[in-house]
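I'd like to ask some things about the structure below.
Letters are used for the chains, namely A, B and C, taken in the order the chains are written, and counting of residues starts over at 1 for each.
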């Protein structure tokens, strides 16, 4: 199980006589590395800075080369809420993300447990199926699924996006399963010896140990649904009352296309919750990412 | 193979077959119920239209009048609903009772698929006289004999010109032929110090604001389809004339500068519109622009005239492209009776038509409304009424695939303007084939 | 594929002691199976309804003409032949998506690797840098794309204005230039490479330091150390990043769609989103976008399904490659 807490591993310097020789060269590489790192960091941060600055400009100034706002129009953020029903979009986004994440946890944790810690015939086949599901582009199955929801009269709402999570989410199952594999069997064995049923082993022994993975999966699901554009576009496109923030933001600029200042303010507002949440849940987040890509 | 797998597979397959059966069996092609023997409208009507802002307000006023004169009927209005959304909703069985589309593009598709109901039974029952509709409008609201829509005001397109910019360059009258247009466009253009276009005489890009092959076609008398239903893009020489003329002007500006100018253009339907800001000296636009200029209090002295005609077809001058808003009743509508009353009101009641026409400055579609003394007509608006009545005016044909043929052409045209489309004739033939194939795929 | 040993006690010895009833064992096993079934049931149901059925239905619909208003009409292979012979947009969309796969995936991974190496070398404050490099990957795609549309607006955006001030000639049209639109999408994707960087960082940290030292003592230079020590160790993760990257590019929709509609500036009156997709000159018309346009803007669902089948075939091929290549990655842990 990897953690990504730094300090980082750096090849230890060679000791002894060579030291004197190496110092100037090491200093040079030190400066070079830091310079490059800072330059790259500036490039990565620059767009954010520009967005933030433009968000507090007047509209006319947003079209000019002036980078620094002449007047600081913090009321732009308020204006955003006046020009588009951002509050409603926010509610919809929250509804979608929270419910989807909750449902996903309900259905995916058991499946991940069964795939990781129980032995049964067909387990590998099932896991392969999970992998294939995970890799499938959604556009492949979008048409029949849309037809299904149309028959069930749920198009125009967010339910087609929320409800399927009651039946498991392949990526989350994968993530949690990878983590569960790493929990030593001794914990479970000890509990079984004490006479615990399988259910109790799962609920009281193993799953509490899997909190990091569960948190990571929940975070991922939340972000995935928060950032989802294609899904809401397809299912709620025709019903503006049910738009999420992603859809609202994309269409915000339609009515006020050249009002870049307001558009950037809205962009900032949509980005903010994600970034804030990330700062609070950094560890779980990074852990989750590594769980997917790095064998535990 | 294993004891656990077989029951599971069986359950899975069973679930599959049940669902598949359930979900594909509900394809009922039941015919729509016939209208009641006598008109009795009551209840709620859902009404979707595409207008926003000021125009949405205007139509709201007319809807209020309808509610006042039809007690017992309430109208639930949704604005900003475009064709795509309507089609999606109707396909999912949640279409509005009455929908209003911004153009005639969907008539072919909606009438043939039944997305909008056949209105003929209602028309016959209430004995609505279709002769009150101007002929071209009557033609573009039906498809292959099925009348699934009624017209709500029409749009005509003409030339808007900035009198001051023209006067500064020494012109007193707008151009009447395309050669004059070219000449004046070049003279009226002003460049910045770095070579970029500051003010453009006439923007020739075919994807800029209202420029499009459909809107330009009547001025060269270009036809989209032959009598056999096949695309005439390659066979009708008018298209080549039109595109050669356009390319000349594009090359004069260079397409890079045009793209840059276009990238900085203002929102078409706001006060930042390039013409309203004085960045364009002459522009093709619809008659609604008059209302927008007034509402936006744009600071320009402008005039309107018919768009120039091709040099060798001067008798076309005075005409233009005609289209219009249309309305219909969705398949599966919950309250078709009340919906029909609303449609009748919007499309045949002279008072309503005139009020709406005055509100959004569109062209009325019934002969009575056109002649009404209550219709506010100033010189600028009169131009468009004249264009509407001109014999050289034309609309674009309806197909089962909607406006796909226009989109196919439009996309190739973007390549054409950048000079990457190669030989004109070969290119047109290619597009014609695509159009023919796409129509074939859409069905007989 | 491994077989799983039956749980608990050995098989009832029907041959040896016929009188012994394995009833308690059977009960236990059945209970176990029921438990597994209970745990897996929701996913199983979801698998049938939202995966197996739609796949079969997509294939079926691809042979029909279907607009949702009337029953599907069987037309055989005409959707497929139309795609390959008369649909310039379809073929263009294939080219566009292929471009993204070929260029974006490797470049992203390369830069992510370089930046991860950089982060490792920064001893103090390394985590700050890591956070900064990761931040853009967090931004919602719509927001990030909108921001880039503003930044790279040819007429009013800061990038071109900076270029003008610096005197660097040629004001590129970025998203409005058919030749530059996809490279601009590439820049957007590289800006958001944080997610790849983080997993590379994690695995790079696992490379045993002793091996580096040993290589250094043997006289290996930086490149050789990378090739013989680092690369073998991180290659499973590189593979993973590559294949998931490809699959991501195959479904690339949001950024291209939003960039198209914003950069085109076409007023969306009445027509809808479908009108503006693909701008400029179909340079940003990816395969999923064209699929969406055909299926849900024009409502030619049968045709969209034909495209979906093609997409499935390609992504399945890549999935199989991933599964084959990383058997150890997938199965290794549980065998331990």
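Basically, a residue touches a chain if its C-beta (ideal position, glycine included) is under 8 Å from a C-beta of that chain, and two chains touch if they have at least 3 such contacts.
Model, not experiment: these values are computed from the prediction.
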{"item": "Chain separated most widely from chain B, comparing mean CA positions", "value": "A"}
{"item": "Chain whose Cα centroid lies nearest the overall Cα centroid", "value": "C"}
{"item": "Separation of mean Cα positions, chain C and chain A [Å, integer]", "value": "14"}
{"item": "CA centroid of chain A to CA centroid of chain B, Å", "value": "42"}
{"item": "Per-residue multi-chain contacts in chain C, two or more chains", "value": "33, 36, 45, 47, 49, 53, 57, 68, 156, 265, 268, 273, 296"}
{"item": "In chain B, residues with contacts to at least two other chains", "value": "4, 8, 19, 84-85, 88, 91-92, 267"}
{"item": "Two or more partner chains touched - positions in chain A", "value": "120-121, 125, 147-148, 150, 237, 257"}
{"item": "Touch list for chain C against partner chain B, complex", "value": "33, 36-37, 44-45, 47-49, 52-53, 56-57, 65, 67-73, 78-79, 82, 85-89, 153-156, 171, 173, 176-178, 263-275, 278, 280-282, 296-300, 303"}
{"item": "Residues on chain A engaged by chain B in the complex (per definition of touch)", "value": "120-122, 125, 147-151, 153, 155-156, 237-238, 240, 255-258"}
{"item": "Sites on chain B touched by chain A in the complex", "value": "2-5, 8, 19, 22-23, 26, 52, 80-81, 84-86, 88-89, 91-94, 266-267, 270, 272"}
{"item": "Touch list for chain A against partner chain C, complex", "value": "2, 4-12, 14, 33-34, 36-37, 40-41, 44-45, 47-48, 50-51, 54, 62-65, 67, 106-108, 110-111, 113-116, 118-121, 123-133, 135-148, 150, 164, 166-168, 173, 178, 181-182, 198-199, 223, 226-227, 229-230, 233-234, 237, 245-247, 249-250, 253-254, 257, 260, 263-264, 267, 270-271, 274-275, 278, 282, 286, 289-290, 292-296"}
{"item": "Footprint of chain A on chain C - complex, ascending", "value": "1-5, 7, 32-33, 35-36, 38-40, 42-43, 45-47, 49-51, 53-55, 57-58, 61, 68, 115, 118-123, 126-127, 129-136, 138-144, 146-148, 150-151, 156, 158, 161, 164-165, 191, 195, 198-199, 201-203, 205-207, 209, 212-213, 216, 236-237, 240-241, 243-244, 247, 250-251, 253-254, 257-258, 261-262, 265, 268, 273, 288, 291-292, 295-296, 301, 304-305, 308-309, 311-312, 315-316, 318-319, 322-323, 328-334"}
